[in-house]
Each structure stands twice: as C-alpha cells, then as structure tokens.
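Order as written gives the chain letters A, B, C and D; numbering starts at 1 within each chain.
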Amino acid sequence: MDNTNIAELLAKPYDKELAEKLYDPKKPMENRITDIGPPHYEQFFPPVIKENYGKWKSHEIVQPGVIKYVSETGAVCFAVRCGSARLITTDLIREICEIADKYCEGYVRWTTRNNIEFHVTDEEKLKALLDDLNGRKNPGGSYKFPVGGTGAGMTNIVHTQGWVHCHTPAIDASGVVKSVMDELFEYFGSHKLPAQVRVALACCLNMCGAVHCSDIAILGIHRKPPLVEDDRITGVCEIPLAVAACPLGAIKPATVEVDGEKKKTVRVNENRCMFCGNCYTMCPAMPLADGEGDGIAILVGGKISNRISAPKFSKLIIPYIPNEPPRWPSTVKVIKNILEKYSENANKYERLGDWAERIGWERFFEICDIPFTEKSIDDYRLAYDTYRTTTQFKWSVHTD
Amino acid sequence: MDNTNIAELLAKPYDKELAEKLYDPKKPMENRITDIGPPHYEQFFPPVIKENYGKWKSHEIVQPGVIKYVSETGAVCFAVRCGSARLITTDLIREICEIADKYCEGYVRWTTRNNIEFHVTDEEKLKALLDDLNGRKNPGGSYKFPVGGTGAGMTNIVHTQGWVHCHTPAIDASGVVKSVMDELFEYFGSHKLPAQVRVALACCLNMCGAVHCSDIAILGIHRKPPLVEDDRITGVCEIPLAVAACPLGAIKPATVEVDGEKKKTVRVNENRCMFCGNCYTMCPAMPLADGEGDGIAILVGGKISNRISAPKFSKLIIPYIPNEPPRWPSTVKVIKNILEKYSENANKYERLGDWAERIGWERFFEICDIPFTEKSIDDYRLAYDTYRTTTQFKWSVHTD
Amino acid sequence: MADVKKHDTPMVDELKSGPWPSFVDDIEQRGFNGKQACLDLLGQLELSYKHKETHWKHGGIVGVFGYGGGVIGRYSDVPEEFPAIAHFHTIRVNQPASKFYSTAFLRKLCEIWDYRGSGMTNFHGSTGDMVLLGTSTDQLEPVFFDLTHQMGADLGGSGSNLRTPSCCVGKARCEWSCIDTQDICYNLTMTFQDELHRPAFPYKFKFKVSGCPNDCVAAIARCDCAIIGTWRDEIRIDQEAVKAYMGGELKPNAGAHSDRDWGAFDIQKEVIDLCPSQCMMMDGNELKINNRECVRCMHCINVMPEALRPGLDTGATILVGAKAPILEGAQLATVALPFIKMDKDNDYEEIKDFVDKVWDWWMEEGKNRERFGELIQRQSMQEFLRRTELKPIPQMVKEPRSNPYVFWSAEEVEGGWKRDVKTFRARHAA
Amino acid sequence: MADVKKHDTPMVDELKSGPWPSFVDDIEQRGFNGKQACLDLLGQLELSYKHKETHWKHGGIVGVFGYGGGVIGRYSDVPEEFPAIAHFHTIRVNQPASKFYSTAFLRKLCEIWDYRGSGMTNFHGSTGDMVLLGTSTDQLEPVFFDLTHQMGADLGGSGSNLRTPSCCVGKARCEWSCIDTQDICYNLTMTFQDELHRPAFPYKFKFKVSGCPNDCVAAIARCDCAIIGTWRDEIRIDQEAVKAYMGGELKPNAGAHSDRDWGAFDIQKEVIDLCPSQCMMMDGNELKINNRECVRCMHCINVMPEALRPGLDTGATILVGAKAPILEGAQLATVALPFIKMDKDNDYEEIKDFVDKVWDWWMEEGKNRERFGELIQRQSMQEFLRRTELKPIPQMVKEPRSNPYVFWSAEEVEGGWKRDVKTFRARHAA
C-alpha cells in the first residue's frame, strides 16, 4: 500500500462487501494490511499550497476569519476559517465537501483547534464562498459555518468528550462549549480583544483538552471521593493496582463482609482524597461521578506561545460552579465577565495571564469581582513556589 | 533588675569576686537573677539619636562610609561606618571605646552586617575622627578601622565560625573573608558598583550566614558521606534519631561485628547522600569533614531587599573549589572576576541577580567565563520549577 | 431511510438556538436522516443532563487484531433505553499531517462510517486523529479493512504507546515555518509505526511539531517530545517595510487588531519596548536587532510580518516531558536540545537517535503510568542527560539551582569515599 | 601579664597582610597581651589550615542553671597541644535592640570576658547576639552572675527555643522606618523571656524587625516571623525636591553612586521605568504616583530621599517561615498579615495573639527539628490559615495554584460524601 498516492483508491466506489470478503476471523492475518500509517499529506494540498510550499512570504488578515497569504512566486491564497462544533456528523462533512468542491478545487483543511479552513485563490471566489458560508444555517438558526477565529479575538474552544462519549467526565463538553460560544459569539468574528484569547475545556482532570495552558480554562471536577463496590471490585480490577493508583496513598487494602462472606476490597481515606479520578481510571468499581458533587472549575492566564512571555500554566481562580445543564448560565456569566474585564483593561498584545501578572493577582480578583478562596492557594507538590515571599503587593478590597 | 536604667550598675567597677560570692552550686537559685532580657536600647543612644528618634528627615552619603542624617528639628548626625573582622578581641573593643569616648560622647554601634558605626554631630569632629580611624593599623599593616561599606559598593561579608569555633564546618570563615576582602578592598571604600553587592559566607549547609539570599555567597560544602563509628555510635547517639536525621532516608539501622561482638549501628547508602550534614548534627559518631573532600561552592544572584525586584535565592554557579588555606586564591579569583564582570555590564541600580536574569543565565556563565556543570541543575524537591520550559533562550558559547 | 425514534430531549434541545453551530441540530438531522444511533445519543445525553452524570460504562478493551491501540471501547450503562448506542466504540484514524483533505477522501470516510458506524465523528480529536465516534465490536475489523484497503488509511494511537503525532500547518501555508513540519510528522509516524500500534511503553508518548515558537500545535504543553522550529542566524529585516509600518501604510500584526482603535502604530511602544530581551533599537530610521541577545520569541515578527522574517539557518529546538496533570501534576516541556538541524536528507537521524535513547531509558526505568516528564523529575535531569548523552548547558534551566544539595560521586572527589575511621580519629580525638 | 606561648603558625600568619582588618593580628596581639587562649586558638587554626578540617569536637551540652539555651559547648579535639582552649564554650549575650552601646557597657563586658574567658568575641553573631567566644565550663555560672548582677545583661537564645530577636536601626537614625523597630524588638524579647530561655519548641524560632521593605536586618530571609514596616496611604512627595533631583542639584540615591559617572540623572529611566508596578508618571513637571498600584518597593524613595517619603498611615507586614536549607530546603518568608498597626499602646497585642496561635499549632503538630515554615509546607497554607484564624487573600500568594488538586470537605459539597453504591448502580448499570 503506497500511502503517498491514494487517489486511484479513492476514486473507486466504496465496496461495502469487501471487508467481509477479505476478513476471516479464523485467519485474522490473511489479507490484513497493517502499519501503513496515515495518507501522505501532500496529495491533499490544494494546488496553490503545493506549488508554494515553503515559499510563503507574508500574510494579512483581510477581515476576521480571512487570511491572505502571498508567496514569493507572487501567488496568493486566501484561507477562510469557519467555526465548528467539532462533534460533527457525516452529513455535515458531506456539506463541507460540497462547498470545497464548489469553491476550493476539492480540498479543505482543519486547524489545530478544530476550525475548518477553505482555500481560494481569487477575490471573486472568496466573496462567493463567504456569502455561501454565511447563508448556511441549522434548523434552530445557528450558523453552520461562522467565519472568524483569527487575530485578536476568540477562536474555537478546544474541548473533549464530556457526557457524549467518555466514562470519567464531571461535566459535559459540547453543551458547555455551545453555551459559552453562543454568548461570546461576537468575539469569534471580530478583532477587538487586546490579544488572542484561547479558551479550552476538559471534562475531567485528565485534561484531554490540555486546558492547563489556556487563557481561560473550563475544567470538570469531581468533589466526592470514589464509591467502592465491595461486591464487584475483585472481579473487575486488581486490588494492588487500585491501591497504587492513588498519588496520595489514600487507598488501602481492606477486607469486609458482604452477605456474610469475607471479601477483599479497598477503603479510601476520604480526607486525603483530592478527587483526581485516577483510581476510577484504574478500577471500574470506584466511580466518582455524582450529580451534586461534580461541576466546573475555572482557570485563567495560561498560554502556549513563546511570544513576549514564556508559556505558562492556567491558574485556578474559581474552584467550583455547579453543573447547570443545558446552558450552564453561571459558567457562561463568569467567563464573559472575565473576558470583558480583560478586554477593558489589558494592553495591546497583552495576553490574559500577562495582564493579571502585570496588575497583580490581587487586583485581578478585585477587578473581576471574583471572591478569593483558600482553594486558590496551592497545596500540592510545588506549592511553596507560589507563596508570596516579598512585601511587594497591592492594597485591594482584600486588605481594605 | 531594671534593664531600662543600668548606668549606675555600669558605673561601678567590675567586682571579680562577686559571682563566686553569690553563686552556690548547691543552691543554684539563690541570688540568681534571670529573665531580665537585654538592656533597654534607649540608654545607649547618643544624645542626637535619642532627641531625634523618629524625626529623621533625610540622609546623604557624603563620602563612602560617611552618612549625614538631617532631622526635622534641624539636627545633624554623621554616621561613620568602619569595617570589622567581627571576630574581635576585648583589646579591639577597648580601642573602639577609646575612640567613641574621644569623639562620640561614649557611644558606638554595630550594624546588622557587623560593621562599627561612630556618630558625630559636627564636621570638625568628623574630620578628626576620620583621620584618627585611617591612621590606626595593625602590626601587619592592615587597617583597624577602614571606612566604607555604604552605597553602591561592597560592605562587610556576613560570615560564621569556620574552623575558629564550629564543629561542622567544611571551610574556615574568617580566613576566607579576610582573603576576599583584601582583594576587593577598593570596593569597600567606594561607590563604583552598579548597586550594593552583599557577599556572605557560611561554613556549612546550615548556612548560619544566611548566604541563601546574597549577591555572592561562599558556602562550605562536604563531598564525602559520613563515616560511621561503629564502636562508638550507640554510646553517643540514638540510632533511630540518626536514621530519622537523613532527609533522603539514606541511613538505615544495621548490626555489625566489632571485635567479635555484635553491635547496633547504621549504614549509609552512599549514593543517596547529598552531604547535608544533618546526620552529624544529630550524631557525633558520623563525621563528614575531610580535608580532601571539603571545599567551597559559589552561589550568586540572591537578594533580600524588596527594592524593584522581590527577594530571591542565590543560585549555585560553581559547585566546588578546593580549600586553599591560607589565602584561598581560586575562590578569591572567581569572586573578583564575577564582581568585575557585573560591574562592567550591569545597569545602574541593578543588583547582581537582576542583571543575570535580564541577560539570561546562559549569558551570565558566558560573560563570567564559568563552566556550566550538571551540578548547577536542580534535582531537589522543587527542581521542576527551574527547568527551562520555553523556547526563549539565547545562543551562547554553550550552543555555538 | 430506516425508521428512526426520536426521544424526548427538552434540555438538549435548548442547545439548538444561538449563533454557534449547534451539534444538537446536526446530530438530530443526521438522526432523522436515518441514524438511530444519533437520536439515541441525544436521548442518553438528555438523561445525563438530568442526572448530571455520564451514562457510559467504564472502558472496555476492544481492538483490531495485531494492534494494541486505536480503538476506545465504550458501552452505554442504559442500553435498554438506547439500544443503538449500547456499543459505542471510537476508532482513531491517523490524520494526514496538518489535516488537509481531498473531498474524495472525506466522502469515502463518510460512506464507511455511515455504513459501519454511527455517522458521528470528531474532527478532530485533541491529539489530532480523525475520531470515528460510535460503533459496535463486530464492526471494528471491517472498518479497519475498509480503511486500509479502500482508503489507504490506518489507525492512530491509544493506550501505552506512541500516540498519533501532529503538526502545525507549517511551510504549507505559513511564512514563518523554520522546519518541514509535515514531513517530520509524517516521517516520525511512519518510522515508528510499530511503537504506535503496539503498546510497549510505560504510558503514552506524544510528538508534536510546530514550525516556529508561536507553537500553533501547542507542542510545548501537550507532548512528551516537542519539535519546535527556530533559527540560529539573524532575523531578516526589510527596512523599507519597517518604515511602511511606522508610516501606517502596513497594518501592524497583519490586521489582527483591526476592530478596535488602538491609536497609531508606535514601533517603540509596540515592538521595541515589548521585546523580552530588549535587544532592538531604532538607529535613526533603521531598526537594529542584536541577534545574539534575541530569544526568538516571534513578537517583532508577528507584529511586522512584511518587514521581519526568521533567519535562514533554521532547525529545531527539542523539548521534552510536557503532560497533563495525571498523576504528579502538569508539566510544560523542558529544553533538551537547543538546536538541531532537521535534515530530511539524513532522515532526521539526529532526533531519532535522541528518541531511541529516551525510550531506552524510559522503558527500562519508567514505572507503570509514569510519563516521560515524570521520570525526569523522579530520577533527575542529570540522569536524563547521562542517558541521552547530552551535555548540561544553561539553556536547559531557567536558573541554576538555589539549594546546595548537590550529589557527588566517589570518582569526582579527591581520594574517593573510602575513608578510615581510625585515621580520622588519629587526627581528631572523639 | 602571664607568660604566653606562641605556636608556629606560618599559614595563619599570611593573613596579617593586606588592608582588611586582620583577625590574626588582633588575636595574636591579644595573646601577647596575656591571653594564652588566643595563641592556642591561632595554633589550632594553623592545624586546621594544615588538615583542612576543623579541630573542634562535636557539641557538648553545657549551660547555666534554669536556662536551656544561651551557651554553645565546645571542646578541642587536640586539647593536649592547645590546653588553653580545651574547653572553648561560647556564651550568647542578648544585644540591646539595634546594637547601640555605651562604652561603659562594653568596657565592663571586656573586663568580665578578660577575667573569665578567652578575650575573644564575635561582634556580633549572625542572629544578633554579642558572642563571647571561648570559656570553660566552670566559668559559665560566674559569667552569668556577672552579666546579670553587674551589667543588667542576660543571655540570648540557642537550642529549640525562641532565638534572640533583632532589628534594624529604624527610627533611631533612619527616616524611612514605619515602625518602632527597637521597641518592638525589645517588647517581644521581654514578653517571651520564658520561650527564649527554656527550649520547648520543636526547633528554633526567630523574630526580626525591619522598619521598611529595604529590610536591613534581612528578616524576610532569616527568621520565622518577620515584621517589616510599611504604609497604607500615599507616598509623600515634595515636588520642589523632585525638581531639584531632575535639575541635578540633589544627588540621586543620596550619593550612593558617587564614584562613577553614570551621566545626568534621568528620572524617567532611573525611577519611573524601574518602578515594578509602573505606577508613576510625570505630569508636566509634577511627579504623580498612583498609590493604589504601588507595591511599596522603596525604589523611588531610595533614589530621591529628599523628595519622597513613606506615607503616614504606617504599620507592618508580617511574613512567616523563612529559614536556611536544613532540612527541606531554604525558604523565604511568606506574607501572613498584609498589614497590622504596630501599636505600642496596646502592647502589640495583635502580633502577639497571632504568634500565640502560630506556636500553639507548631508545638502541637511540628515534628522534631521541623521549622515553622516547613510545617506550613507539610500541612498546607490552608491549615496555617485555619489555625491562625486568618482569611485567605491573594496577597499571600504570588499566583493562584495551577494544579487542580483541590481538597474539599464533605460539608462543602452538596449532599455530603455519604453515597450509596446501590442507588448509583440503579442509575448506572455496571
């Protein structure tokens, strides 16, 4: 299988019966193609991209969502970026293909933040494409392909599975993202923030959304220690693994009587539990999820790029907001407020975390009117490095 | 005993027999005065200080070592600061008293860095005092009372006991200080550095000299694990305490045969030892000192004041220089070099550590021509926070 | 079209309104369009909205023959109510580097997935895969055969193996890329197919490749081995363009701040003063950069893309050990190799040699579920350097250590560690 | 004068030359002047220079009756060679706050020490005591009786007790002192005499008092409880003096940079640009400070002492937990109370109440040889706040935590922690 040239293969119609013909469970290696890796990228490049690979000279964001690239060869390419729910159906992908075929010579791309990008090479097509995109709406009225996500604005929220697919979430992902993006929609299609603002969501502490370095992070958290299913645990996991799973050593082996029978199980020292969920990952008989206990923590001020300041972690500023499906109004409100306060107060080019550091976190909490709680004080391994070991601080509502 | 007024008491001649008369070992509480605390400070204030307490308005360093204070009352006070070896004899104190009586109405003070301060209120006396001080020399030619230690210069080296009195030192203190100060003497009596430079010395990791936050720190270190005196250990310390002493758990109880007899003792996992010396502090049968192993580590860039930047720790830049009594030439040389490079390159008001951070530590090592070794990389508890987690760094000799 | 059953989903339906693309509408439409799984998924989601708890069971090990990764098992814990999603495994399909597609490819994928799965996807997963969301165990092998035989596609990673590498758009469209991000990503993926498909590591291992320090694929935060483009020579300056920015003819930051009046562009305030290494200055009308002091943060280039460009002696900085918080806390990646040439001609030998040493050490010493970055923290950066045969340089640390707890080995110390108590006591009475 | 024996000390003698005061000359002279101990000390030092090892034995518990501290026992390990220093204990004498002395006091001290000790001292010890260096066990009680009866002086601390508090020169001579450093130091010392003399703590505990954030007594790095003066209102500005600095009539930083040509004073570059909170500006010829944003770093005041002065609503910031590296690594002190009035009239009640709570906790929970700062690290800042009844405020931290590992208690969580597996499984099939 030559993955550098699969055009021919793709040109063939899908053969629904082929797999069953080739695959014989009794001889699983027969006809098996493995380790071919992903298709080679180059064959999917639109012509202008292929021809100008490595030759691009500069770019200009001609309007939010539309970036014009100019090559040393003089070639021009417009990239049009559209928001996406990421959780999308084959129908929607087909619609994307239809658009790509119509305007983009049959090519399309996704960004690292799950936006869709269409490429055209002349302004006329650009205009037609934009009109087309803006016109496509869902039955409920939402845009199918909102254009934006560039420059000093907000782009798509990187997020994870939530209740749509994962087994460990403390919150939903897609629903929260939709609720936040609806409210902050104006920032997606405009360049009026001081710098780019990256919002991310992860539905549990595993942080598949890598929210640990985002300007604003929405994090699903549990707040109740794991249940222990004494009658099931030995059947579904090994006690030593469950015990070893806990970074704080809060899990100890135990023996209990279940229906008159002695059973090996574990006990959790609940006061030492920090709800990380690693025990559940290792052992299905230790679920943490709880409708009342679970909810959202907000972290802010992280970043990835090495621009001006070094990459940094997001900081926990709101330890808990209850789950409020379907629209999570409290979460939406605090995020909007932070974004607006940032927008009003930060300097041009200044990322949210750099702003907070410049004015001081005491001032950040004051300006954003967020109560400071002990939960924001670190007490994990490297906690000491976050203590304030100087008399340099500002007076604020907290000291008034 | 009224410690706010001891003038009368002091006026009486010293009665050499009194103690023996009053103290009866069989009735130790008889005649015993305890818990009186230190003499009240106020009675030792020179008149101008007492009268203007809390009224000082401003000051000017009229020349290195001489600070003129002006009070709201119009009063003026000159403080004349003199270097001192700190390790001084009663003869020298008497000489200080003689000077204080002659020029300073019988008062004198010591600074927090062990310099001596004389106070006079008029310029004439000031001149006479300065002349007198400059004229006093030791038989070997050294100044008894060098004037300086103010402003953007070097002041006295805070230091500790060394081989003169302590049981745990890896180096001498007074000898090293003398050697360094001799070489850097010009900086003590002048204001030509970018900012103040605080040098400190501690003869072991206990750091009685609190060298952990100095611009330049000279630190005595051991490099051989403790010996274990199997035949003595149970007599002089408790095994569990010795075991518990080790922060790295490198000490384990053991039983050995000494002269055919089974003895309880300990064994050290030498590869886990970091030579902190805490075991020896707890147990005299575990000495670390070794003429070949011990020596000096140099740390730089710490500070205490909250001026401009927050207080910070000194950083280890040279892990080891051998002990070279009596004049420690290698140590003196590297310190002088660092000081000079700092002086040439830093901005006005910029402390050594702030300079190193501004130019980047890679550049600091380059400019000071100090080899970077793995010993400068942290591997203790909070090590992660010192890793470079950004692509921001400079090219230097290390990458060329 | 088959008959489909719509559940009552009042809460979930609230997510149809508002301007942002509604996943609910999309999924519901797909459901009405014949996919019961879609409607069952919305039904179960409604139940989750009611209970505020997930309704997926814990894990489930499923996969395709010969691979230990690429499929995540998933079962509903209310299968009677939602039988179409009783099994709902995901298949991670390795995306083409930087995620360009032909519609032919996507259409074929849709056909397969409509036929064999739920019709639902993530485009893309957080690691970068095309995620096919929801099918039953019996369809796993057929999907795999379809992907390999009919599309030339393969699975991505999951489990304790190499995860699907990913990269930024790089030279394909970006003028700043210092390295061939796609080629590196593809090359590593192909070279390490075995590591990707057959879990043999202590835990997951990720590569990401960004063309420059803007790091558009978030490598520095999200992967065990980050490859980030950089340059060693001088930032290229077009002084005429600098003047054009100063004169207001060119828009700063390529127009990224267009919707707000930030006043006239001020090169001093907006560029020179913000340069983290303070290595820029105006010399009359000329912009001067002291490149030896530049830390290549990209800011000036970002602000004046027509005037400034990365240098020509390009390569990559390699950083290691980034990860999410589980277990010991999150880590950003640490500089390991400050600069290496990324040489296509020698098949990226240098980085692969490095990676081999990394894996040797980690596979020998790493504990179960210990990420590579955690191993470094546990065994020390010194050990990392020894095992990878790198020399320690100050670029690896923000600052030298401040604690004095240095380890020495007997070989380093004059006279070694063998000492005799008696000789010591001969000098020193106890 | 008694007959004295000079040892051969060629190496030590090398330390007589050079300009810095030679401790060798001083000690040798004192030796020739009748003190064999001085000459023996130099002799033993020579031996140490030869062996590169100390020649003092480990510890030795000696002291005066009723006190558990104040004396450090010390014995030579080569007593035959240097009999005059066979015993060489030190006595720590509590210095008067800020270390002013009358010559009458010093002379008396010298007399005592010449008669009963080695004639050698440290003026002063690192903690602040007058250190009388070297006497024998039988002289300890007599020295103590002499000190108390004939000088009104007392011992300082050593061992696991309160150590001798110390302070900067403060209002006695410094225009910036926001608090009565001497009075506070004296008051605390007197109040806590029992704690100072009778070890009852897990380890040592230190107080230091600095009048302003310049921290001339190094409190923030060297003590368990640092009291550092500050102000809450506005920096006082004398605009005329500002102009005088700008005009070059006044020397910046009071002349601290006098021996080098740094060029004409530039208020923008030297003050405004260096202000860490960037809260200063020139408004025409007027210097303006946005005091709400000022972090009271002292820089502007240090540079222009004739023009700027701390505010008038003064008090102290209390920081806790600084220490040297043993065992867990060095710590700088952490903000505990951002501001308290230091009220002489109420006998500094507020800080004493705080200290009581600190000690209660530490004495209950502190492990042997665990400094207070280490207890905070081990049991968390949260526990510290609970035990001292302080409310958490952002001033206590540099930044909020970045890891998500937050502890919750059952009371804080809706429904508590009691949950029933059966009810859970009724909703979720296993």
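In the analysis below, contacts are C-beta pairs under 8 Å (C-beta built on N, C-alpha and C of every residue); 3 or more make two chains touch, one makes a residue touch a chain.
As the structure is a prediction and not an experimental result, all values here were calculated from the model.
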Q: Name the chain whose C-alpha centroid is most distant from the C-alpha centroid of chain A.
A: B
Q | A-C against A-D, pair bridged by the larger set of C-beta contacts | A | A-C
Q: Could you tell me the distance, in whole angstrom, between the mean C-alpha positions of chain A and chain C?
A: 12
Q. What whole-Å value do you get for the distance between chain B and chain C if each is reduced to the mean of its CA atoms?
A. 49
Q: Quick one: which residues in chain A touch 2 or more of the other chains?
A: 205, 207, 212, 276, 284, 287, 290, 292, 306, 311, 313, 380-382, 384-385, 389-392
Q) Could you say which residues in chain D touch two or more other chains, in rising order? A) 51, 53, 55, 57, 213, 215, 220, 276, 296-297, 325, 329-330, 332, 402-405, 428, 430
Q: Could you please specify the touching residues of chain C with respect to chain D in the complex?
A: 51, 53, 55, 57, 77-79, 325, 329-330, 402-405, 427-430
**Q.** chain B to chain A touching residues, read off their complex
**A.** 306, 310-311, 381-382, 384-385, 389-392
**Q.** chain C residues touching chain B - in the complex, by the definition given at the top
**A.** 213, 215, 220, 228, 230, 232, 276-278, 292-297, 317, 319, 322, 331-335, 338-339, 377, 380-382, 385, 392-410, 412-415, 417, 419, 421, 424-425, 428, 430
Q) What does chain B use to touch chain C in their complex? A) 205, 207, 212, 219, 221, 223-225, 227-230, 232, 270-271, 273-276, 284-285, 287, 290, 292-293, 297, 299, 301-302, 313-317, 319-320, 322, 357-365, 372-380, 383-396, 398-399
